[in-house]
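Here subunit A shows up in two complexes: once beside subunit B, once beside subunit C.
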Partner chain A sequence: MTNGGQSLQGWGFVTPALLWTIAFFVVPFLVMGAMSLATLEGRTLIWGVSLSNYAEIAEKAYIWRAFLVSLEITLTVTVVSVLLAYPLAWIIAFRVPAEWQRLALLLAVLPFWTSYVVRSYAWLLVLAREGMINQAMLGIGLISEPITLANTRFATVTGFVHFFVMLLTLTIYANLIQLSPNYRRAAMDLGASAFQTFRYVILPLTLPGVVTGAFLTFVLCIGDYVTPQILGGNSELTVPQVIMVQLGRRADFPLASALAIALMAIVTLAYIFSARWLRLDRL
Partner chain B sequence: MRVLPWLYFVLAFAFIYLPVGTLVLFSFQDGILPVPPFNGPSLRWYSEVAADDDLISALANSLLIATASSAVAVVLGFCAAYGLARHVLPGSVFMRGLLIAPLTVSYLIIGLGLLIVLTRAGLGLSLLTVAIGHVVINLPLAFAIIYASMGAQQQNAERAARDLGAGEAQVVWLVTVPMVLPAIAAAFFLSVTFSWDEFIIAFLLTRFDVTLPVEIWSLLRSGLSPRLNAVGSLVFLVSVTAVILLELFVFRKRRP
Partner chain C sequence: MTRLSALFLTTSALSVSASAVLAEGELNALVWCDHTDPALIEPFEAEHNVKVNLREYEGTGAALALLEQSRPGDWDVLVIDGIDVFRAVEANMLAPLDTSALPMDDFFPEVVMEENNTIDGVTYAVTEKFGYNTISYNSEKVDEADMQSLATVWSEKYSGRISIYDYYLPVMGLAAIAGNVATAEIGSGDLPAIGETLSTLRSRSASVAGVVAAQTALATGEVDIVVGGGEWLTAVLAEEQPELTWTIPEEGAVRWAQSIGVVEGSENPDLAMEFIKYIISAEGQARLATSSCFWGMPANAKAGDVLTDMQKDVLRWDSQPDYLALTQLYPAPDADLDIEMQDLWLETLQQ
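The block that comes next holds the complex of A and B.
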């Protein structure tokens, strides 16, 4: 068989997937980009090159505030999730006996597979005025009347942290288990305390994995509509919520597109910022 | 010091299982509110779910979309992986990047782009459009998983088959596919769980026939109800079954 024939066959295999990606991902994305430069007059769409949608994002307080809210929530969630997940991954990797590790890990991430609408709803049950937490705290006399937990930023952050702790435990565990035990042994033999071993040996070695997980958390968290909508309610709006508002009531596709592009710009910035440590192939 | 890690371990598991545990427990509630105190157990909400035609048809839609879109994603992903792993093509790095690219974009933005194009093109929204969207999000995953599994040892077997006179179709179907079957199965199960759970694309791209997460979403508007707990528990059960099947039949076998 000639080389030309080989490569023709190769194209035959690759082309369907490429066409699918181009037709249903690249083209929609380009159209969305063009849409973000169009304007809406009344109900008629006028194509053109106008930056008025982007100007609107900068001018309208309820929109740019949503960017601040999204960033605050996402950064909080990312930091808290990493801090909670690292010890759990550590315990599973170094304290749980080897033959139980796989089971412990599987169980630790099983609720990860709950549908995310259902997961947020489940948190609503826990955090509601009549819910588990309030009832428990009332029961032991910690509070005298139910406190508002649902429909707050606390609820949104809790729902997110729950999800990402599972994801990060998985990625950090995968990194910890790859480390040769010799590193720890050598550090200990040289007189390092447990903390020093962690600080100067284990942490630097696992940092790329942690940053990769944190980046993934950032991307998924900042783009999510469901969790803030169900758990945060309308106490404050995140960017995805503002996008959905444009789509619903006002059918303002140009503004929604501009918001989506701005959101992607933030993700790109986060990528550039963390690119030094990112190992996307290590996931 | 010895106790502290285990205390953390237990607390972490309590946190992880608190919502799901509450969800499942109060799906057996004998009352109209899924909050303490717990009365029961009762199966009345499950029988109510079974009698709800909207929910049952949404469930059927979800199963259909999950299996159909995953099958398409896996077939396209396998072919692309085979083409790129076995043939020297110009621009292959770029093509790999292009195929993986949708993974880096949030589902909301993918859904928004598709919504704009479909409405501009005058195409109606239906289960088909949701399935198209789900192939877009699962194709990169299927491609990446199957591509990673295509190593040199299969290439030798393929070459041997060719030397023995097998045509390209025979090589792919009788040699390559059986050898990377674990990866194909992993890609398929993962796609099914992602599609089964996916909300925002399904929400944006359906109109009358909806999937289960979208139906649950509309039920949510009427507030807490043990009926929602029952549906949620069932959805969880399906996902967990898929994950356990994946663990038992795909990953376990691969271990030496």
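The block that comes next holds the complex of A and C.
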């Protein structure tokens, strides 16, 4: 085949994905960018180039607080999920017999089979004052009266962690299983302790998988509306919740778009920060 | 599967597809969730041999945006918050409505709401359902006497046992009423005082919750009071948990109302009108009032002839004259005041 033929064939493979990306990412993004520069005068949308929506974001304390809350929750969820998912992935990869690993992975992803909304409401029931956790703690005498767990940041983080531990387990497991056992054996032969083997050999080699999973967790968590809305009880507002309020009654698409662009800027920064270790091909 | 059941399933499938094919037309309605109850829609579909396509929405802004993005003729019927009819009319999204064929004389006079549904002498919508944003509570967990005054409802005594309904207009309306400000007269100058009341309420509440979350919180004992609740929140739970009830305090409460109209440019204006006639008929009103999504009072008083005594008890049918006298329509701010109120609400939530 000639170079021209190969090139044509290459474009043939790439074009559908390219068109898809242009139609469903680039164009909507441009529309959102243009919308963020428009203004709402009264109830009339005025197209133009104005930075007033970004100025509004800078001026309003509750919006700043929403960004802070979103970042705090997202970072907490990401760190806790990684700390829980790594040992789980390790156990599945190295402690569970090979013939049982598929079943273990299946069990690990089982929560994904339930509707996200239903799962959040289920957590609300579990964490309620008369829910399972309070009843258990009362039963064993750990507490003398029910404590507030639902409608708090703790509830939001719990709901998120339950979901993202599964996601991270998969990405980390995929990384761990690709590691040759010879690395561990070599480290041990050279006198490294189990901890040293993990610290200086296994962890650096699995970092791309960890960072990839953590990045996905960050992206999905910071943009999520359902979990904080259902489990957080509006005890504090995240950015997606503030965006929804702009849309619900007033249809303030310009301000909502500006908020969404600002959120994307944060995600972009997170990408730049983690790009060194990101290996999306390991997924 | 037995041959008989297979035959039954096949026959059912054929009859369903046949009825879809035989339906003479389609009606597209943009509605609140109470209209999606099959018990409400199916009798109309059967009578007129049509298919009613329902699209549920939350928030007037979302509905108007959806209409703006649609082609003329895509939608036939719009159900909208009564205080927002003027917004749809301003945006040229509602067609004039001929009310001469509608049983307007049977309506509770207080909810005809001409000031909302009629603009410059032209009627664009009619009220179809109303209710109250007031106080829902668990009668076994609170002193019912305390629920008769807004001051005691959100007193220190119930700190941590309150959920606030997550919609700023009715809750700020209640805060205004607590401070002796009429909901129709709320202005920028009243917002600091309303904000103080909201802060107090917020500091004593466990959550600010949407419909399902507020119902769940009350039903599971997470909270004992929902400020901004009402019959629409507890009525669907009444059969299983009769202790969950509601009242209107002595200061009064906020009244909500939803209106229905024909969308401008509808391709089926006659069918849309028939749908509206059905919805505000006594039978349609009784079904809408007791929809599986949420209950509320029918605008047409003749629905009382169709509702059962138990249903009327839950809706507090006999107390309506008192309730209507005691309540005010919830705030309908202009665009600028709306922004101020929404900002105040969000600032309070972030405290």
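The definition used in the following text is that the second predicted complex is superposed on the first by the 258 of 283 C-alpha atoms of A that agree within 3 Å, B and C clash if a C-alpha of one lies under 4 Å from a C-alpha of the other, contacts with A are read in each partner's own complex, and residues count from 1 in each chain.
The working rule: a residue touches a chain if its C-beta (ideal position, glycine included) is under 8 Å from a C-beta of that chain, and two chains touch if they have at least 3 such contacts.
No experiment lies behind these values; they were computed from the predicted model shown.
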item	value
Touched partner set for A:62, first subunit B, second subunit C, both or neither	second
Subunit C versus subunit B, contacts on subunit A by residue	B
Which superposed partner A:49 touches (first subunit B, second subunit C, both, neither)	neither
Which of subunit B and subunit C A:130 touches, first, second, both or neither	both
Touching partner for A:98 - first (subunit B), second (subunit C), both, neither	neither
Touching partner for A:16 - first (subunit B), second (subunit C), both, neither	first
Touching partner for A:113 - first (subunit B), second (subunit C), both, neither	first
Which of subunit B and subunit C A:140 touches, first, second, both or neither	neither
Which of subunit B and subunit C A:248 touches, first, second, both or neither	second
Residues of subunit A that lie at the interface with subunit B and also at the interface with subunit C	121, 124-125, 128, 130-131, 230, 247, 253
In the complex, subunit C residues that touch subunit A	58-62, 64-65, 87, 90-91, 160, 163, 166, 169, 206-210, 212-213, 216-217, 220-222, 334-336, 338-339, 342-343, 346-347, 349-350
Subunit B contact footprint on subunit A (complex, rising order)	6-7, 9-14, 16-18, 20-22, 24-29, 31-32, 35, 84, 87-88, 91-92, 95-96, 106-108, 110-111, 113-119, 121-126, 128, 130-132, 135, 162, 165-166, 219-220, 222-226, 230, 240, 243-244, 247, 253, 256-257, 260, 263-264, 267
Of all residues in subunit A, those that touch subunit C in their complex	40, 42-43, 60-62, 65-66, 69, 121, 124-125, 128-131, 148, 150-151, 229-230, 233-237, 242, 245, 247-253
In the complex, subunit B residues that touch subunit A	5-6, 8-9, 12-13, 15-20, 22-23, 26, 33-36, 76-77, 79-80, 82-84, 86-89, 95, 98-99, 101-102, 104-110, 112-117, 120, 132-133, 135-136, 139, 143, 168, 193, 196-197, 199-200, 204, 212-213, 216-217, 220, 224, 228-229, 231-232, 235-236, 239-240, 242-243, 247
